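The first chain written gets the first letter, and so on, giving A, B, C and D; residue counts start at 1 in each chain.
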Amino acid sequence: MTNFEPSDVHFEFRVRSSFDQQGIMKTIGAKLTKVIPGEVHIEVPFSMALTQQHGYIHAGIITTVVDTACGYAANTLMPVLSEVLTVEYKINFLSPGKGEKIIGIGKVVKPGRTLTVCSGEVRACDKNDEKLIATMQATMMAVVK
Amino acid sequence: MTNFEPSDVHFEFRVRSSFDQQGIMKTIGAKLTKVIPGEVHIEVPFSMALTQQHGYIHAGIITTVVDTACGYAANTLMPVLSEVLTVEYKINFLSPGKGEKIIGIGKVVKPGRTLTVCSGEVRACDKNDEKLIATMQATMMAVVK
Amino acid sequence: MTNFEPSDVHFEFRVRSSFDQQGIMKTIGAKLTKVIPGEVHIEVPFSMALTQQHGYIHAGIITTVVDTACGYAANTLMPVLSEVLTVEYKINFLSPGKGEKIIGIGKVVKPGRTLTVCSGEVRACDKNDEKLIATMQATMMAVVK
Amino acid sequence: MTNFEPSDVHFEFRVRSSFDQQGIMKTIGAKLTKVIPGEVHIEVPFSMALTQQHGYIHAGIITTVVDTACGYAANTLMPVLSEVLTVEYKINFLSPGKGEKIIGIGKVVKPGRTLTVCSGEVRACDKNDEKLIATMQATMMAVVK
């Protein structure tokens, strides 16, 4: 909707460097597929290592992906040297996490000096099919290193 | 607070069997340490494979542990053959996920035929120290196989 | 986004009749300004009777308006004779509730036989200015009379 | 659980003065019945002016009461001259809001310089009966005048 103006021109480099330091992103096979001002996409391929008892991707992993996408979406708009912490989020699960991969999309709703509010969604992809499987509303906080 | 009466005497067997089918619980090294009517505890040792960019356990993994504890807490009170799905949850992060292990504790607040409301908390343990690091409020749904 | 097909052609009559039975809607001066399949708008004029300590509309009243809009948005898609109950919601406050009136907008994200997930937003209007002041994510439940 | 030490000895005076400036508290007939460090209780008598379509107290009013209790609970621990704003909350509704009155109880879970996390509950009272009807998890923010 809104076009955001990043205050740090190197926002993408900063987000990608931080992402690369996350042990969990390697563990779940996550890739950062889009980093633009106020919006970040992360993809995770299906794996039996990520499942709940029915063989679908666990709600907590769906959450991990979109939490990270929302956090970095907030981070794209923060000043140089700022890092981001998750204050809290709420997520609704709409459909099972099945298919070839899931995509977590985080978008800034309202940026702020201290707090940034984001909305997130997760889609499950199978061949050419994409289905909305979860929606998130999150509060992120800027911390200066 | 409340003492709950399980309708299925084999509730613990049912919860443990389901837990053992979760690929993600193996991946993160989780152990089911307590299963009583209306309450479940899950422990996960610290590992660099679970971290965010500062070397602490990722918010999404903290969530995964307490979501699972809340879901199985709800499941202990459900009828024979019932399974549990997460409808939604909200979680606040209070302190970093650091230390030797984290413990996710799920408790039933209000059981119901269709929906069960749970509260969860996560504690980080280091030697003899225990610290509250997150609190959750969750809605779980019973589904009959 | 999505076009929804109501199963009850008299959905608007049903929503308006229910709305008229709410004592609180009269108390806060609320008007139902839009009722289409999957979407409902409710307006409330500013009044000192609705304020918090700084003279802005109280967060709880902002919530009341958008909760009702989300509930009726869900109700538009429910079968004949169904009523709606709020299971839970989460709301973020982005800006103060000031101006001439607020508008609560509820939209269905995912309809379901038992549970319907909605997203809501509240805008504060002053002359020709409209500002997003809150966003909600809600779970509604159909109950048959 | 925890005993909190208020930094402002006049915390009760500050909370009561602010409460008295809320137009909405008069409108719904709310009374501040307990103000101790980290905990606040607010009571509202049943009235047809506060109802939803079934004649029970509207979910939004239940929310208004416990939001205010949580906000002031946070405020009891804030420094002199601090005011409190609601960042966000999530609430689950467990039972209908019926009876003679409702009591909203807000408690601090984790106080902080900027953000304070609270938990809230609402009980409906009828004669000598008390029933838990809602639980809240909220994030409050200190703002200096």
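As a working rule, a contact is a pair of C-beta atoms (placed from the backbone, for glycine too) under 8 Å apart; a residue touches a chain by one contact, two chains touch by 3 or more.
All values reported here derive from a predicted model rather than from experimental measurement.
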Worksheet entry | Chain pair with the higher count of C-beta pairs in contact (A-B, A-D) | A-B
Fill in: Most widely separated chain from chain D, with each centre as the mean of CA atoms
A
Worksheet entry | Length of the line joining the C-alpha centres of chain A and chain D, rounded to whole Å | 33
Practice prompt. Using mean C-alpha positions as chain centres, tell me how far chain A is from chain C in Å, no decimals.
Written response: 28
Discussion item. Need the CA-centroid distance for the pair chain A / chain B, whole Å please.
Written reply: 22
Worksheet item: So which bits of chain B are touching at least two other chains?
Response: 87-88, 90, 92, 117, 139
Response to the item:
In their shared complex, chain A is touched by residues of chain B numbered 18-19, 21-24, 26-27, 47-55, 58-61, 63-65, 67-68, 83, 85-93
Discussion item. Per the contact definition, I'd like the list of chain C residues that touch chain A in the complex.
Written reply: 90, 92, 94-95, 109-110, 117, 119, 132, 135-137, 139
Worksheet item: For chain A, which residues are in contact with chain D within the complex?
Response: 87-88, 90, 114-115, 117, 139, 141
